[in-house]
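I've put the structures underneath this note.
Two complexes, one shared chain (chain A), two partners (chain B, chain C).
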Partner chain A sequence: MQLDAKTLDTLAWLSRLDIPEEETEALSGSIAEMLTFFQQLSALDTEGVEPTAHVVPLQNVLREDEPFAPRLDRDLLLSGTQSEDGLITLPKVIG
Partner chain B sequence: MAKYECVIGLEVHIELRTKTKIFCDCPADHGGEPNTRCCPVCMGMPGTLPVLNKQVVDFAARAGMILNCEIAHFSKMDRKNYFYPDLPKAYQISQLDHPLCEHGYIDINVGGEEKRIGITRIHIEEDAGKLVHTDSGSGADCNRCGVPLIEIVSEPDIRSAAQAKAYLERLRELVRWVGVSDCQMETGSMRCDVNLSIRPVGDTNLYTRTEIKNLNSLKHIVAAIDAEKARQIDETEAGRELVQETRRYDPEKDKTYSMRVKENANDYRYFPDPDLVPIYLTDEDHARLRAMIPDLPEERLAKYTGEYKLPEATAKTLCDEPKLANLYQEAVQSVKQPKLLANLMLADSDAAAIPAAVWAELTNLCAENKINRSAPAKLLEAFRETGKEIAVLVKELGLEQVQDTGLLNSIADEVIAANPKAVADFKSGKQAAIQALMGQIMKRTKGAANPAEATALLKEKLSKL
Partner chain C sequence: MKYSEMNIAALSQLLQNKEVSAMELAKDALQAIAETDGTVGAYLTVAEDEACRQAEIADNMRAEGKAGPLTGIPFAMKDNICTKGVRTTCASKMLENWLPVYDACVTERLKAAGAVMLGKTNMDEFAMGSSSENSALQLTRNPAATDYVPGGSSGGSAAAVAANECAFAIGSDTGGSIRQPASFCGVVGMKPTYGTVSRYGLVAYASSFDQIGPLTKTVADNAKVLEAISCHDRRDSTSLPEFDTNYSSLIGKDLSGMRIGLPKEYFGEGINADVAALVQNAAKQLENAGAKIEECSLPAVSYALPAYYVLCCAEASSNLARFDGIRYGFRAEGAEDLDRLYRMTRTQGFGREVRRRILLGNYVLSAGYYDAYYKKAQQARTLLIRAFADLFKDYDMLLAPVAPTPAYKIGEKSSDPMEMALGDICTVPVNLAGLPAISVPCGTVAQDSANLPVGFQLIGPAFSEAKLYQAAAAYESGI
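So, the complex of A and B:
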């Protein structure tokens, strides 16, 4: 299976990755390899088989609409991220 | 110049009025300091698992039913992947190929012309957070992450700004009516995106459309449609090709402008969310939800003015506020005087906060002359403060109307004897003097005398003097 430059470009953009020019060839190769691996699945005949929504035989796992009173402290919640005045710090985003 | 018509489809997002978010037990209401109404689940931290809120399914199905949709027996949640800083998980949990509701419609009437606008689908999904922009950079507030939404997608059946407005007004009325959202555009609990293309009148093809996002009032929606229609006509007439793109409406300039997003931006790579299992709704579930759907607002109005003989204005005031209308509907089942009930409820500034049973009891006490007409206000005040039963409060506050004719008789005699001037005034023709005597009776009975009875009794006694 081949992966053209344009598809790699799209994948990179969707993943927000900057792929250096010198790595594109190697990367194209390994992604193509992965796709080939998964392509084995196409050998199966799924004609008339109902698509599976989930592999676990469970349904309607629902919870009641009741708030849980003790809330996690904001400082704790934000401890793993950079924050200022309770807001998670981001690069400047044009709204 | 060829005549053009618009082809419009609307996507409406409505926040559901649940207590908690769609996949976690954080409070779902607006407000709060930034990042104080969120948790590891709605912030998309690794290792957390979403669990669907039952009320979201019920509310969305109720909205679907009042909008004439078919409700699914099988439905599932999917991930819609995109990177944006207000979405910490980098995907939104939404629904792709098995939405909860499909194939509905809304009937509108514009300028006397009836029209049916199709509803393609209604699906449930989570809201994103909010970005706050400052000079130094941007910040994310996750309080709104995971607030439950329904997205209502219409068919491209709308042909004018006026029809779009009528559709949105009716949509808002009905969704409010079933009590699943307050649908306020000004607070963002109802939002609308407009998809619009033009074509020569008579043509049935669909042409390149643009999407106008982030419209936050009916007025702006109407103006944006007119502005975008004019722009597309101008472009077409000038021989320029239209591009499929997302645009914004600038109310100051009354123009739409391109948001210039990357062409390949819309590749959401949907797939079934492996963290959430499918939703199955049985026929019994459908029946249970169907039973919660009230009759339509106009049917209710007709019943109030017809069966209950309420004046039109009173009926309309009740029906304008779904909460009040539903409360009235519940209370009216156990009263004999529907009009008295309506009057009592509308005289109170926060009637919706009082249980239906209390309204029914007050109405019946008044109707049976067990309390007088000024007693309900005192009783409501006491009820709000103490929450005690009305029967108990009537006794505690001494508001039982004096029905004992013997007692009233002797009080009337005392009052007449003690007020010779008022009696003389009345005898000399001053009808108003009887009010002074009535006042005395009310004072001595602490307002418990039946005014009609007391007046009749006084008149009778005075005529005999």
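So, the complex of A and C:
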């Protein structure tokens, strides 16, 4: 089984990835193989079963609304990015 | 015995008796790395200056009477855990030169305990893989047989402990990434209850599964490290508020009255006969130590693997969206607009397996497929959690192989991701249910001219770590 080219294109766009030409065949074959494997789940009777997103019951973490010194300083903002004069540089966004 | 071959308890005793200093241990460990790591390749970064700085702090702590069990003990950190000022690469080109500006909670805890970090260990890129061969930066070899993989994704951490290049190491386990390399390399690895070790500063792969844990030479050492790193942390929204962290409390107590189940599904088709025999033999030894062993059944494991891969790819596709070439690390050259910048950066920065999992994740989350794959897998997860809960009404813990086979040769499975994934069959059920499980060495299998280590795992209900350590230590003391 192979994934059709249109589906692979859509997935690539959703993922913000390019699919290099030389990888197309192997990748679509391997994705299709995994999807076939995933289909084993369809045999499972899950009628009325609640889905589990997380094993820990999640609760909002609340705090008093008091001012505090933020840890998100400029070092963090600019770590490992390309910057100039303390600002992150980007290619032209608006034509 | 050389310092580098000693476990935490022995080193701690020497430090306490002032027979050695933390600085001497750090220098000795750095020397061991210099001598051995050229062959093993466990470390991506050796943080020599940082290690000496922390050793000095550790010696000062001891002089001031503030030393604990890990003060001055040299260790290695998996390279997906943030270490301020020491590069944290996730073994990816995307973060090859990324320097975190903060420490992960686990890093903070170990620094506060006076442990001495020697460096950062190799792994599968973004923890996606089971052999460490998906590292974009380096190959790690199994210290027991250097033609073989060390397992993964925490392969560097397991190899560093096994090769005596540190006294302990920290790994992370999303679908078996601590336990399986521990089994392949012959060390002890614990995947704790989900929510008991903070994920703050752990680079996220699949957030509802990822859990940090220790790899050590002995069971007692493992409990000590977990005691140091386990805590509530408000910076991780899934960190549990209150639980007992006295994990060593039952070590040394006898096993009479303990009920251990052997789920027959873990010993069936696809499990190497030598591995199954070693695990069965471990069961006998636990029985001799006083535990009651009984065969049981957990049919729900049959759909654990597809459910796990659906969910972990979905979570990965979302978590890795942040790597856009703007905020972290690598940025592709020559992009003419923002969309091209994203796509070129991600295509060039991520390795093939990472891109494959992102694509799969986006597939199962897309409109039209969401219910059939993602929701279905979440429901399967619920059924598996219930099945484990039912078994734990009758058993204190379950005993099973960690992996269907011992380590395999480098390159043997790397071109077939499906075959690689099937090797995770014994480990992923634990992550789906958020349970603790410990991998303990139980012998070797002779293959070609190599003796390959094998481990068994003990799986318990949430918060049963102390009991797991009790049983594991009883087994260990009998061999």
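The definition used in the following text is that the second predicted complex is superposed on the first by the 71 of 95 C-alpha atoms of A that agree within 3 Å, B and C clash if a C-alpha of one lies under 4 Å from a C-alpha of the other, contacts with A are read in each partner's own complex, and residues count from 1 in each chain.
Following the convention adopted for this analysis, a residue touches a chain if its C-beta (ideal position, glycine included) is under 8 Å from a C-beta of that chain, and two chains touch if they have at least 3 such contacts.
Since we're looking at a predicted model, the values are computed, not measured.
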{"item": "Touched chain A residues, chain B compared with chain C", "value": "C"}
{"item": "Partner chain in contact with A:Asp65 - chain B first, chain C second, else both or neither", "value": "first"}
{"item": "Partner chain in contact with A:Leu27 - chain B first, chain C second, else both or neither", "value": "second"}
{"item": "Which superposed partner A:Asp85 touches (first chain B, second chain C, both, neither)", "value": "first"}
{"item": "Touched partner set for A:Val49, first chain B, second chain C, both or neither", "value": "second"}
{"item": "First, second, both or neither for A:Arg16, with chain B first and chain C second", "value": "both"}
{"item": "Which of chain B and chain C A:Phe38 touches, first, second, both or neither", "value": "second"}
{"item": "Residues of chain A that lie at the interface with chain B and also at the interface with chain C", "value": "10, 14, 16, 53-56, 58, 61, 63, 71, 88, 90-93"}
{"item": "Touching residues on chain C, where the partner in the complex is chain A", "value": "95, 97-102, 194-195, 208, 234, 237-238, 240, 303, 305-307, 309-310, 317, 321, 324, 326-329, 331, 335-344, 346-347, 350, 352, 355-356, 358-360, 362-364, 366, 372-373, 375-383, 385, 417-418, 421, 433-434"}
{"item": "Residues of chain B that touch chain A when the two form their complex", "value": "18-20, 25-27, 33-40, 43, 51-57, 74, 76, 81, 83, 85, 88, 98, 131-133, 137-142, 262, 264, 267, 269, 272, 274, 276-280"}
{"item": "Sites on chain A touched by chain B in the complex", "value": "10, 13-14, 16, 53-56, 58-68, 71-72, 74, 77-78, 83-93, 95"}
{"item": "Residues on chain A engaged by chain C in the complex (per definition of touch)", "value": "7-8, 10-12, 14-18, 20, 23, 27, 30-31, 33-35, 37-42, 44, 46, 49-56, 58, 61, 63, 71, 73, 75-76, 79-82, 88, 90-93"}
